[in-house]
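To keep things clear, I will list the structure first and then write my remarks on it.
Chain IDs A, B, C and D follow the sequence of writing; residue 1 opens each chain.
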Amino acid sequence: MNSSLNLLVGLAMGLNLLALGSSRLPALIGTVAAQGVVLGVMPFLIETHFEWLVALVAAGTIIGKGFVIPALLRRAMRAASIEREVEPSIGFVPSLLLGAGGTIAAVALARALPLLPEHAGSLLVPGALASVLTGFVLLIGRSKAISQVCGYLILENGIYLFGLLLIRATPLLVEAGILLDLTVGVFVLGIIVDRIQRAFDSLDTRKLTVLRE
Amino acid sequence: MTCGPLLLVAALAFAAGIVLGPARPRTWLALTLAGAAAALLAAGLILGGGGEWDWRGGLPLGGERPHLRLDGLSALFVTLLAVVSAAGAVYSREYWSDQHHPDSAPRGRRWWSALTLSMGAVLLSSNGLHFLIAWELFTVSAFFLITLDREHVETRKAGWLYLAASHAGTLCLFAFFASLAARTGSWELGPMRGHAGFAPLFWLALAGFGVKAGLFPLHVWLPSAHANAPSHVSAMLSGVALKLGVYGLVRFSGWLPVPPSAGWVVIGLGATGALFGIAFALAQNDLKRLLAYCSVENIGVILIGLGAALLARNADDAVGAAWGRLALAGALLHVWNHGLFKSLLFLGAGSVLHATGTRELSRLGGLWRAMPWTAGLFALGTLAVAGLPPLNGFVSEWLVYLGLFDAVTSHAAAAWAAAPAAIALATAGALALASFTKAGAMVFLGAPRTQAAEHAHECGPWMRAPMLALAAACATLGLAPLLVWPAIARAAGVWQPAWGLAAAPSPLSSLGLAPVVLAALAAAAVAGLWRCAHARGLRRGPTWDCGYAGPTARMQYTGGSFGATAAGWFAWLLRPERRAHRLRGFFPAEASLAERVPETVLERAIAPAGDAILRLSTAVRRLQHGRLQAYIAYLAVGLAALGALVLLGGNS
Amino acid sequence: MTAFLEVPLRLAGWLLLAPLLPGIINKVKAWVAGRRGPPVLQLYYDLARLWRKGVVLSTLASPGFIAGPAVAWVAVASAALLLPLGPAGAVVSFRGDVLLLIYLLALARFGTAWAALETGSAFEGMGSVREVSYAVIAEAAIITAVLALSVHAGSITLVEMLTPAAGASAALLGAGLFTVLLAENCRVPFDDPNTHLELTMVHEAMILDHSGPPLAAILHGAALKLFLFSVLLVEAVLPVDALAPLPSTLALAAGVLAVTVGVGLVESLLARVAFRRVPLLLTTAFLLCLFALLVAWKGGAA
Amino acid sequence: MNALLLIVVPLAGAALAAVWPGERSRPWLLPAAGAVHTLVAFWLLVRPPAAAPDAWLAYDPLARAVLPAVSLLFLVCAAYGVSYLRVRTERPSRVFVASLLAVLGLLSAGHLARHLGVLWIATEGVTLAAVPLIHFNGTARAFEATWKYLLVGGTGIALSLFGSFCLGYASLHGGGAGDLTFTALMQQGSELSRPWVLSAWVLLLVGYGTKMGLAPMHTWKPDAYGEAPGIVGALLAGGVTTVAFTALLRVRAVVAAAGAGAIADRSLLAIGLFSMIVAALFLLGTRDFKRMLAYSSVEHMGILTLGAALGAAGVWAALFHVWGNSLTKGALFLGAGNLHRAAGGRTMDDVRGMAALAPRSAALFVAGMFAVTACPPFGPFFSELRVVRAAFDTHHGLAAAVFLGCLLFAFFGLTRLVFAIVDGRPRAAAQATARRFPETPSIVLPPLALLAFSLWLGLATPAVLRDTWTAAVAQLYPAP
């Protein structure tokens, strides 16, 4: 099962690069949604025998990350009737290079961290780190609010990937809390985006520079 | 003994003054006088009867049980505080009266009481924490007194400069007391000469107290603050507030061990301060600024004495003890003397300001006719500050001289510091004579230079009485220094136990009646010459001036040209700025010459540094430009930096 | 008992002999110039006349105008009393009296300068500025000289300081003190007592407006000051009381005479230096005293 | 009495406020809930309840050492809030009151949390609940501030979650059973896998440091504090930051138990001093007195962090400073709110002569300025002096020097700005505004009360508080 899990993690990492390279918002949102679904499947591979809680987590993840949030984002996009270009402040090629470099660095860094025998050889840690880096690149390198939200989501996904290492050990409360917080957080982000659109009739955060020294 | 109740009465009186002051001027004045009298009595008991009063409170304040101690040294300063505070309070009744300053006069009374109370607390408290509290309260209340009149931008600027400089000093004291407490394990203060390890702390104390004392390179706040404050406040600041800085230095150099080089540094600072301070004074055109710079000089004199005493203490032999004691006694006596005559001079300047509305020498002149009392008393203060016999300034400077000379004649290593210090002291004395001849003459002699000066009026009894009292004190200390010797000796004994016991030094006792005789002879001669002149027939006529027909007031010698000669020798330090508009052509239009002596240290050294820091701040503030992406980038950078620090920092 | 007799006697001596010196100086100048010159006792006549004259007081002047000269005169006189006279020693003597002497002279300076400024005349302003300004360096020089003497004698009482010769540093000290004497008493090359251009005066400019008894007091005080300085100079340099009383007294007298003649010669041979050069000259005097101090220090240390 | 009341009561109040019909009467829920909360907090402070070591939520010494200050601050702010909402009737108060109470509840939860996950959830909850408060004014500026607060804060909070996972994995790797209560983690001690603990420390420090507003993660602070109402600013600066700080303290204890205490202290020292330097530089130049308060808050967070790096004595001083800072800063924020309304402006370019327009608030503001710059006899003076002493105790002379230098420049900046707006001749336009917002006792007394508390805290620190701080230090530095 470890190999298939690694396959999925690799897929998620690939989706990271895709997100970095996608030049249009719908594509970006789609990539994020796909990644959410991929992440949601993973718990089943980790848990050999079926467990309700794990199933619940997985389902929640798939629904939340895969469908609800992307839907919200699309809605915000439509409501703001914004053009679909991503408008990077760090170009696509540099972002891709950064992402790729980040991925390699993540793999290298992950070697330095000791793993439990059952996690040995799993790609979860490098995957998590790579996603977090990708998230940062998107947050820093994209000027539109929605693309930043996507970056934030990928960041969260990375952390979620890492959380999978603990899914068996840590009590459910943490997981549930996390899931809830993520959804709520992004939900509020969506609302904010909505409000910003009303206030500024654009989602370009470069315009949000009134407050300064 | 009965010190406790007296001090309690004083404290209660001033505390009540804080509460009642704004509403009830008369009650406030009575309270202040009563409190001052009680404090004076308590200090007198200590100085006269010896011993010390030591009291530990029950309930803790700020986590520490109060510990008050009134010994000879603090009593010396308490005396000065009480006298000047009372004098200023009486003076302010007319000078800063309610009808002229309806809103600020009540505030002024409140802060005056607060200032006196906190200063007293500084002098008494023997616990580092409480010392700091009292110190900061004293600083802040002095700030509010300086800026009583918040209308003028000048005053506000001066106030802020004072506050900023004092805070820098206070933070040095934070470090001083905190590291002292860290070493002793408690905030308690007291004699701890044994621990040689504490010596380096002296430098912190020197910086912290030096700012407040107006030590030469740290004096930058002093001139503007003293010049722009109300005059009774200037008197308090210059007469007492500076002395608290001195108190700190004397107190802690007495309680703690000092590094071997301390004496050399202090005496060097004192000598340069005395010389440069008075050089600045000579160049001033603002009467109160002149007085303020003169305070820098006198602090220098005091520090020369203290430095010599420190050198003697380190030399640690019988000979050294002898001259060290003389120098220390001179310094301590000069604390009193400067407090008295400088307050007198500031009050005099105040009544000039009150009468004419200006402090500029070039707008005054001929005031003696309108205000004879002020003129006479100011002249007396002038004699005293110039250190001329038979007044008090001479006695203390003379003691310091004796200490320095003995150090030189005893061929001690300290001679290498003492001889230059003596020369500097003499030069400063001559410069002081020049500056105050200038000050007195430009203000009171000759013809009035402006309408304002012409229509001046004498100050009323409320302003005259305190000046008279202070003048009387100056004269007494000058004529009969032996009276106060025991007090001085006791204070010196607190600083260095071995030095206190001895009787009055032979010179002082043998000086004995000389001042009195001199004063008597001078009086007799004046009277004789006066009567003789009248007997021969005394005619009034215009100033002959080599027969010049139409002299006008504007033809008189000005303060600027008066200072020019000697101040010119210090041009490298004073950097006077002159804007001359010379006469040109056959039918010249009007010409003008404007001269200004900047506060060199402030404008040439500190201001540029401040600008550099402000530029840095502007550069840093540009980073807060409002772009969210960059903010998240900062976050990532912080993450990376901390990661590097933690993961690569290794385990130390 | 003797003191009560001695003080007036000495005072009388000082006061009566003082006006002689300016007369001698003028005589010397006249001789050098090949004139007959005024009688040696001229100043006595002047003083007597001034004492009988009335006083004209500027309308601007305050009582200080008359008090100043009186105080100055008293200060100089009492300073003179502090000075020991060869074998006779001093009437009043205590540790540090030398400093009192210096400050008494400062008091005298203050009195005259103050009185001069009373009239609000620009000339007298100039005069008093120069007086107090040059005194700054002169004071430094004097205190250095005193330091040298006290280091050499290991004491700061005039009697002990002046009795032994200043030894090796005598020459330096003598030169320095002589220059200071010229400056403090406003002689050439610092000031020209009988110039007629007020702009170049120092002491004379200060007394332009004085008349009658006050002027007399000032003139007599000046003469006294000159006398005082020459005695101080002689005693500092010559081992006068190494000798028996009579010879030493004679030596003292001779020394004072020599100093006076020296002043006269200087006045007739030199011209007044420009005012901006005066500080230079005084600084030289200061340096001379400083070297004297160093020499004394070495001598004492050895 | 059960400590959980501290969480339940405010949350219940929030729910009640959300459904409360009366627009006029709703604000009174604030002081009501606040009073109960304060009562419980102080009652349990005096009579500490016994806490099971493995409890996930408990009123343990560290919580007792900090939470009552927040509770007190909230009570006063609530009293102020009633009159504040009365002058701001144009804005609906439902969401405001509800989220204010929710913030209080979640704050308490965060303080009571003894479990890594619970702690994180509470912090995230506070972050989210504060969102409506920050854009209460509904202006474009408010939206911008909120957006920045949410995205920067959200990133920080995400990182702290990451850190929590790393710590969890460290314990798992050390053979732990996945019990993430701090007691369990500390018991595991050196068994925790070092690399994971260190990476957890970095992530948690950055994450919770963002919530505290340590430089360089402070960028959201001036915007949020500047745009939010004064009362919200007071609660953010005096309440929310304390949760993050106690979180760091708890985590540091675990890291120290794992044998990396020295490294943790070094990083705390570095980031604390860095924050102070940055704050001082900003304070020197800023011209807006509400943003000034934000930077001052950054500076004081730096002081707390520095204290936390200076061993037991330092932590004691830091806990002391939490109280002093919360109360004093609260007074300043409320006073700033008064001045802002009365002057109709916020920068020293368009605000002058407040001493004439709003004398009481101006006097309060000046007094608060002196208090917050460590002028005795207010609380911060004592705590900061203790920090300096702790620095000398632990031979960090250089750190003490930098600390004092930053205090000095911060003082320059603060006094310059404060006196610029207090002194001088007020503008004509401002006089009209000032008449519209008179200085009623209801807006002057709360800040005055806070200052009085700060004074009382400094001069007569109650023994029970001292003991609690000592107990908290003992909890963080268990005797080996």
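Here is the rule we go by: a contact is a pair of C-beta atoms (placed from the backbone, for glycine too) under 8 Å apart; a residue touches a chain by one contact, two chains touch by 3 or more.
Every value quoted in this text rests on a predicted model; they were computed, and no experiment measured them.
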Maximum centroid distance from subunit C, chain identifier (CA atoms) | A
Return the distance between the CA-based centres of subunit B and subunit D, expressed in whole Å.
-> 43
What is the distance in Å between the mean C-alpha positions of subunit A and subunit D?
-> 31
Please report how many Å separate the Cα centroid of subunit A from that of subunit B, as a whole number.
-> 69
Centre-to-centre distance between subunit C and subunit B (centres being mean Cα positions), rounded to whole Å = 35
Enumerate the residues of subunit C that touch no fewer than two other chains.
-> none
For subunit D, jot down the residues that touch at least 2 other chains.
-> 147-148, 151, 155, 199, 222, 282, 285-286
Note the residues in subunit B that touch 2 or more other chains, in rising order.
-> 621, 624, 628, 632
Every pair of chains that touch: which are they?
-> A-B, A-D, B-C, B-D
Subunit B partner contacts - residues on subunit D that touch it in the complex = 147-148, 151-152, 155-156, 159, 198-199, 201-203, 205-206, 209-210, 215-217, 219-220, 222, 260, 262-264, 266-267, 270-271, 278, 281-282, 284-286, 355, 370, 373, 375-377, 381-382, 384-385, 388-389, 391-393, 397, 400-401, 404-405, 407-409, 411-412, 415-416, 419, 423, 458-461, 466
Would you pull the subunit A residues touching subunit D in the complex into a rising list?
-> 112-116, 132, 139, 145, 148, 152, 155-156, 158-159, 162-163, 165-166, 168-171, 173-174, 177-178, 181, 184-185, 188-189, 192, 195-196, 199-200, 205, 208, 210-211, 213
Going by the contact rule at the top, pick out the subunit C residues touching subunit B in the complex.
-> 51-64, 66-67, 69-71, 73-75, 77-78, 92, 94-96, 99-100, 102-104, 106-107, 109-110, 113-114, 117-126, 128-130, 132-133, 135-140, 142-144, 147, 150-151, 153-156, 198, 208-209, 212-214, 217, 279, 293, 297, 300-301
Provide the residue numbers of subunit B that touch subunit A in the complex, in ascending order.
-> 621-622, 624-630, 632-633, 636
Any idea which subunit B residues touch subunit C in the complex?
-> 365-366, 368-369, 375, 379, 383, 386-389, 394, 398, 401-402, 405-406, 408-409, 411, 415, 419, 422-423, 425-427, 429-431, 433-434, 437, 440-441, 444-447, 506-507, 510-511, 514, 517-518, 521-522, 525-526, 528-530, 532-533, 536-546, 551, 553, 555-557, 561-562, 564-566, 569
